[in-house]
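The structure appears right after this line, and notes come after that.
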Amino acid sequence: MNKEQYIADMKQRVFNANLALPKEDLIKLTWGNVSEVNRELGVIVIKPSGVSYDTMRVEDMVVTDLQGAPIKENSLNPSSDIVTHAVLYQNFEGVNAIVHTHSTNAVKWAQARRDIPAYGTTHADTFYGPVPCTRQLTQTEIERAYELETGNVIVETFRDRNIDPLACPAVIVYGHGPFVWGKNTEVAVQNSVVLDEVATMALGTEELKTNIDPIDKYLLDKHYYRKHGENAYYGQS
Amino acid sequence: MNKEQYIADMKQRVFNANLALPKEDLIKLTWGNVSEVNRELGVIVIKPSGVSYDTMRVEDMVVTDLQGAPIKENSLNPSSDIVTHAVLYQNFEGVNAIVHTHSTNAVKWAQARRDIPAYGTTHADTFYGPVPCTRQLTQTEIERAYELETGNVIVETFRDRNIDPLACPAVIVYGHGPFVWGKNTEVAVQNSVVLDEVATMALGTEELKTNIDPIDKYLLDKHYYRKHGENAYYGQS
Amino acid sequence: MNKEQYIADMKQRVFNANLALPKEDLIKLTWGNVSEVNRELGVIVIKPSGVSYDTMRVEDMVVTDLQGAPIKENSLNPSSDIVTHAVLYQNFEGVNAIVHTHSTNAVKWAQARRDIPAYGTTHADTFYGPVPCTRQLTQTEIERAYELETGNVIVETFRDRNIDPLACPAVIVYGHGPFVWGKNTEVAVQNSVVLDEVATMALGTEELKTNIDPIDKYLLDKHYYRKHGENAYYGQS
Amino acid sequence: MNKEQYIADMKQRVFNANLALPKEDLIKLTWGNVSEVNRELGVIVIKPSGVSYDTMRVEDMVVTDLQGAPIKENSLNPSSDIVTHAVLYQNFEGVNAIVHTHSTNAVKWAQARRDIPAYGTTHADTFYGPVPCTRQLTQTEIERAYELETGNVIVETFRDRNIDPLACPAVIVYGHGPFVWGKNTEVAVQNSVVLDEVATMALGTEELKTNIDPIDKYLLDKHYYRKHGENAYYGQS
């Protein structure tokens, strides 16, 4: 497949994934954006900024380089979060697609500046441990290069806390909302669905009981590795 | 375009915006009303009072003068809230469309007599600071001229607290519910969607953490001015 | 119109109103029932017991006398709550249609054995004061004549607390759920929608603020009488 | 009817019941599984593991023996929870269909390690007493035979607490989620709907009032036996 055709296919996948966001009740209005990277071709494809989901077309998807700069003159503006996506692709090997939403329940945790604890197997099936919440950005970071520093603080969170981004494919940015990823756009959207669902469940769990502990490591291991890694036995292989 | 044609177009926009309210899950039954003003033509167009959304027609939209009095004899009664709309149009320059709903989550805050704090960027993208809750109307105000005084107390709230109605395009009236506005009907409906969403998120945030602070001013600034004003860089311009 | 035709029309209205319950998200499965009375003809028409909403037909609606006993042999069994409906019709003049649901949010209050307070105008537009919760039925009452005593305890609640059933067209039965009524089936269904909505709002209001007071009597009066009674000015008259 | 035809019918029922899960809002993505047993034929039919509900076909349903081992070579993998289902069928006579979901509200209770109390008649109509939450599985149990031990701990819960699985057709497994059953697939799905609904109601009830008691035994008895057993008078008989 030649490069042009490959990029056309990327646009189609990114377009489809963006349309999945309102369908899965993960966004309102024009919020949210999905991107896909191809490191060999040196391109990211992402949703244009602020375009209505009703009128958006496949060809409106914007192609940028690996720093997030649009490649073609006169293309639409990429999502204003493109540089955050770019930083993540530069640092998180194996991540090929990223979804950003303001999904209602994940945002509640982001605004409360709290990790989402692993309270059950629904969580453990997708996220190996708590979904981390970043620290607050400083005024300097925000004023200098907001979207870049948002990417940086995500990378810092995973590095400092020694979390594998492939084992925990999501973060919530303090005061803002989730960035979620996966090996492809479809998985990244699915992980976004799971994130908002476990955020809902965890909030409800805390309403029912105070001082609750996360599930034990051996149950976390069991469920995560039932679905992931070489000994996985979930699904059709 | 002549005046008659312009008013016909206003009716169509007001009609469409009203139909958007149940579709966006902002109202039940016949609750809610949308209006649009044209100050040069001296007219407001608003939904008729208590007409079912199922049977309402474009031509049922009611044309009033800038005080809220129907212009044509024998027209349907305008929404009982018309005078509140009129007061806002008289006082809030640049506001061309108003939406009133009893949207579930915004009403919770109105009934608790609390401002909706700016806990995150979802809020800051649309509302520059907390969405204010008005003081309680006095018995005299309510008995004398309820709808007029509802408008007055909104204007008073923005004036006394020195809030720019264009930077914070919504208010919640104590014990009642939200009035939301914008430069046109479409934006006013969108702002209503955002208001109910941030009301939901803020409630959940408080369930997750007590004594939480609003986001810092520099993050509020960043997000608000990313989308609004001359340095905005969100969307296609 | 002859009696037969009138009863056929009652069946159609009762059928339609029952179908509205799942559409308005007020019930699950086969829960819920709607009835209409005609005191002159001496008949009540009500949903049959435990029939799926998917297969239910207009002619399945059951005709009973004013005590709730089916008039025709071999008709389907009426809803098991028929006798409760009958007691209410016998005692609440002006009530011509009754809806019983287990709507999620109203039931929360019924199970907590609490009145739903009038925290705002959404409530006051339909219910003039708190929606009362009945006392607990005694073991004797439940074992002797459960459905009859459910009706009796509702009547007792309105009589002892001096509430006008036309001004507050709903009750929540302790540990069970709401009975809601109106001058016709359409209004009774609408009132059921409002009841569950204000139950939702009131719960959220309490989550946002402790020790909250109901709205003042003059605001309650204003909103209730804006829509009801001879000085009403809401809607088209 | 010959065995082959009977199994084809089982596949159709299991397929239909699985499709009902997303429709009833009980699952996300490919979560959840439904099975049906026929003890005389010595077969269980269950959903395949990890197959999308959009592309799943009737013939994809997997036939296993009563221990949960697939009967045909080259069939799809059965749901990874098949052995849990098998243990329940071996121990719970009269249970012919099982549904496993991660339905949002039931999971909240499972994660909080709490029984769902019988706070009202909506609960009592289906569940005779609290819906039990299992104890935590030990590390040894989880590592040795997770799905088998999940079945065992459910059986243990009903045995040790002397609960009749036909009178309380559901359990919530600590940290995981509900298993629900019935005499056939349709009833098992209905019971799953009821379980999530009463989980929602019970949480809300506790938000409205602390230290609330379950309903009295005589009200529980009345509602349960109004619908179940030889003196039932609900529905058409």
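Going by the order they are written in, the chains are A, B, C and D; count residues from 1 in each one.
Assume a contact is a pair of C-beta atoms (placed from the backbone, for glycine too) under 8 Å apart; a residue touches a chain by one contact, two chains touch by 3 or more.
Source: prediction; values computed, not measured.
Student: Rounded to the nearest 5 degrees, what is the angle of the rotation that puts subunit B onto subunit C, matching CA atoms?
Tutor: When the C-alpha atoms are superposed, subunit B turns by 90 degrees onto subunit C.
Student: Shared numbers divided by all numbers used: is that above or below half for subunit A and subunit B, i.e. same or different?
Tutor: Since fewer than half of the residue numbers are used by both chains, the interface counts as different.
Student: Measuring centre to centre with C-alpha atoms, which chain is farthest from subunit A?
Tutor: C
Student: How many angstrom lie between the centres of subunit A and subunit B, each centre taken as the mean Cα position?
Tutor: Centre-to-centre distance between subunit A and subunit B: 33 Å.
Student: Please report how many Å separate the Cα centroid of subunit A from that of subunit C, as a whole number.
Tutor: Computed value for the inter-centroid distance: 47 Å.
Student: Counting only residues that touch at least two other chains, what does the list for subunit C look like?
Tutor: Expected reply: 207.
Student: Who touches whom among the chains?
Tutor: Taking the chains two at a time, the touching pairs are A-B, A-D, B-C, C-D.
Student: Mind listing the subunit B positions that touch subunit C in their complex?
Tutor: My answer: residues 28-29, 31, 48-51, 76-77, 80, 102, 104-105, 107-114, 136-137, 139, 142-143, 146, 175-177, 203, 206-207.
Student: Which of the residues in subunit B come into contact with subunit A in the complex?
Tutor: Residues in contact with subunit A: 119-122, 190, 193-194, 197, 200-202, 204-205, 207-209, 212, 215-216, 218-219, 222, 226, 233-237.
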